[in-house]
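Below you'll find the structures, each written out as structure tokens.
Same chain, two partners: subunit A is paired with subunit B first, then with subunit C.
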Partner chain A sequence: MDIVFQFGPVFKRMDLIIDGVTMTIQVALLSTFLGFLIGIICARIRIEGSKKAKFVVACYVEFIRNTPFLVQLFMFAFGLPQFVALLGFNIRPSPYYLAIIALSINLGAYSTEIIRAGLEAIPKSQIEAAQGLALTPFQIFSRISLPPAIAKVYPALSSQFILHMLGTSVISTISVQELTLSAGRIQSETFRAFESYFIVTAIYFALAIAFRIIFKLAARFALPWLHKTTNRS
Partner chain B sequence: MSIIKINNLSKSFGNLEVLYNISFELEAGESLVLLGRSGSGKSTLLRCLNGLERVNTGDITVAGHKMDYESSKLRLLRNDVGIVFQQYNLFPHLTVAANIALAPRLVRKVSKSDALTLAKEVLGQVGLLEKIDAYPSQLSGGQQQRVAIARSLAMKPKVMLFDEVTSALDPELTGEVLDVMEKLAKSGMAMVVVTHEMAFAKKVSDRVIFLHNGRITETGNPDEIFSSPKTPEFKTFLGAVG
Partner chain C sequence: MRSFGLNEIWYMLQATQWTLYLSILTFVLGGSVGFFIALARCSRSRLLRAISGLYIQIFQSTPLLMQLFLIFFGLSLIGFRLPVLVAGSIALTFWASAFLGEIWRGCIEAVPEQQTEAADSLALTPWQQLRYVILPQASKIALPPTIGFFVQIIKNTSLTSIIGVTELMRASTNMNNATFEPMKVLAVASLIYFATCYPLSLISRKLENKLNVDH
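Up next is the complex of A and B:
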């Protein structure tokens, strides 16, 4: 039997692929932004919060990091609507929003740990200098501690974000129309399983590389002091 | 009018008593040098003056503010009290201009253009105007320390505290920092200086306090205290530092 690849039928459904890519990028960016924000807030609590708040954040981080994302996703997708109904609200959040919530909460836990490591590496003397200048605790955190902390863990953080973008493929299981689900639909229409998934794999690969380049370029603008060559005179 | 007034200050870390029954006053425009070997409590005493260390007992009044560890009152005091550290502690992610403008902008709510003018003014005072756009990593230790002094000056402090500001510098770089401090003292800035630079203490200070084991062991104006030390501890100390 001859093995023949036929990409033609798959390319005919380019519309599905484009929709899928758009959705994947959209979900990835939105949940990365929210997850990063959660990470910053929780990392600050872990460093300088009250004992109770530290404990709550520690529980959240450990719970998320020690359970499968798929199960977390199902919990939000099937559990949250039930919970909302139980509280007497008549809303049914769409899978899209449920997926974004689950993804952000998941990434939030991982970024909390990464950002915390960065914050712990800030010398105490930097904070004392800022206190000596009469800055408020929030100003010290946002202006003095956070930027160099993010810079220190930037490689780890951007890797995590790329991993997270690839991980969005899991939300196809709750029928969010993203790239992986597009591949599934195309292969069930065309019976060209290998070709469908091959193309989608190539697109994920290209996306990951593109994200990596974007993060590198972003660092040049957002973290300019790292790119100044030392030039003492 | 005294700008610093300390009465019966005591401080311990756990069971370890580091400062015991310290009292002194400093007049506006005076500069005071704190001497003592490492572990004598001089840096701790300095840090008590702007609330970076909390005392166990005693009254502290600096620049008209009575020491109160409630955070907003502490900030009011720090508004008027500048501090410069051994390790410069410039913010590595900000340019020289931004390092200097940060506190005036955030704390004093000075406009962006006024803050820049201010930055240029204080950089001129320390002779580093041409480094205004550099990052700290592009400066030598001596230059970083002068920027740190400029950063404090931009807050228009009434008192300046210097915590061993030349101890991390190569000998050939200490001179440029000491010159800036000397000019500052001559301009009438009240300052408290923890240092090992005897020449600076002799030449610039109005008063010297020698601490030994957390106690004021000897105090006086530099002319008499250096020429005729009274206590054996101070004699030994002077012998050791030359």
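Up next is the complex of A and C:
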């Protein structure tokens, strides 16, 4: 049997692929921003929150880290609308927003653990010195603890981002028009399943490599800046 | 319309065994391949290092879902009419071997250089060095992250439901379609996953803490 690969028909739908790439990057960046925000807040609670708050955050982190993302996504995609309807509201959020919520909450749990590790590595003496200078707790956290903590776990955070970006392919299951769904649509139009997925996989690969390079370059500027912030305060 | 009761939960529990079989199969196969990937990463040959490095890079830089689709459609293209379960386990094996290879490479490299030098001066062959000096020490370091990765494998078997493997996730979707009670169905599904994964995560963390104290 001869196998003939026909990439031509797939390349004809480049518009779909470009839309997909844009959506994938957009979703990844937006949910990463929200996820890291959740991570920073929860990491702070895990370190200096009340006992109850610590327990709640621990439950959140453990629950998310020990269940598949697909289940979490379906919970937000199918469970949340049902829940909202039970409460008597007649809102149907679009899959796009539901996916962003699910992705952010998922990444939030993973980044909580990473950022907490960074915060724990900050010497106590620094915080005591800041307290001696009568900085408010918020100032101490945002200017003394957080910047060097982020700098310390920067490699872990950036590789978490790559994993997260690749993981966004799963949101195609609730029909968000991102890269994986583009491949699905091209496949159903051209009947060239293998070729469609092959090209899209190559694009994911290129994206991962590109982001890795960007993070390496950004480290040169971001890391000294994060350290300088601390020294200045 | 069906209502969500004990029978439905029982059905999901039965499907859970496929999640477990698939996870164990992936771990055993992926581990065997991953072992050689790790050795190749640490070998003295530059070519072997480059090839295994590329292998790891490829599988770590593409989504598992895409790997599943490619294997699934690719195999049928070559003319294999394999059950989805086989396609799913092949894809998971590739994926797991790349990650385990990278994890174990780190563990092998964590064994101090002097150990190899000492073994060298005792005139052990490279194989003997590996078997009696490096691996016993590396495996101790490797245990916690390996158990941690096993949790990842269990969670990621859920993706095979998308190509049609009937494991816990697929069974949940089926139940959801039959009963239209997504909240109950997904709550049960997530509890089953949690009950499977959480003990393993705890063991992994305990072992890791113990290792940190020992050193």
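Going forward, the second predicted complex is superposed on the first by the 224 of 233 C-alpha atoms of A that agree within 3 Å, B and C clash if a C-alpha of one lies under 4 Å from a C-alpha of the other, contacts with A are read in each partner's own complex, and residues count from 1 in each chain.
Definition applied: a residue touches a chain if its C-beta (ideal position, glycine included) is under 8 Å from a C-beta of that chain, and two chains touch if they have at least 3 such contacts.
It should be emphasised that the depicted structure is a prediction, and the values quoted were computed from it without experimental measurement.
*Asks:* Spot which of subunit B and subunit C makes contact with more residues of subunit A, would you?
*Replies:* Partner touching more subunit A residues in the overlay: C.
*Asks:* Using the superposition on chain A described above, determine whether A:Val153 touches subunit B (first), subunit C (second), both, or neither.
*Replies:* neither
*Asks:* Name the contact category of A:Ile144: first (subunit B only), second (subunit C only), both, or neither.
*Replies:* Once the two structures are laid over each other on A, A:Ile144 reaches subunit B alone.
*Asks:* Thinking of the overlay built on chain A, is A:Gln131 touched by subunit B (first), by subunit C (second), by both, or by neither?
*Replies:* Touch status of A:Gln131: first partner only.
*Asks:* With both complexes overlaid on chain A, does A:Ile199 touch subunit B (first), subunit C (second), both or neither?
*Replies:* neither
*Asks:* According to the stated criteria, A:Val21 is in contact with first (subunit B), second (subunit C), both, or neither; which is it?
*Replies:* Touch partners of A:Val21: none, neither subunit B nor subunit C.
*Asks:* Under the definition above, what is the set of subunit A residues touching subunit B in their complex?
*Replies:* Result: residues 123, 125-126, 128-137, 139, 143-144, 147-148, 151, 223, 225, 228-233 of subunit A touch subunit B.
*Asks:* So in the complex, the part of subunit B that touches subunit A is made up of which residues?
*Replies:* Those residues of subunit B that touch subunit A are 50, 52, 71, 75-76, 78-79, 81-83, 85, 87, 89-95, 102-103, 106-107, 135, 137-140, 148, 151-152, 155.
*Asks:* Give every residue of subunit C touching subunit A within the complex, in rising order.
*Replies:* 58, 60-67, 69-70, 73-74, 77-79, 151, 155-156, 158-159, 161-162, 169, 172-173, 176, 181-183, 186-187, 189-190, 193-194, 197-198, 201
*Asks:* Which residues, counting only subunit A, touch subunit C once they are in their complex?
*Replies:* Against subunit C, the touching part of subunit A is residues 1, 3, 62-63, 65-72, 74-75, 78-79, 82-83, 162, 166-167, 169-170, 172-173, 180, 183, 193-194, 197-198, 200-201, 204-205, 208-209.
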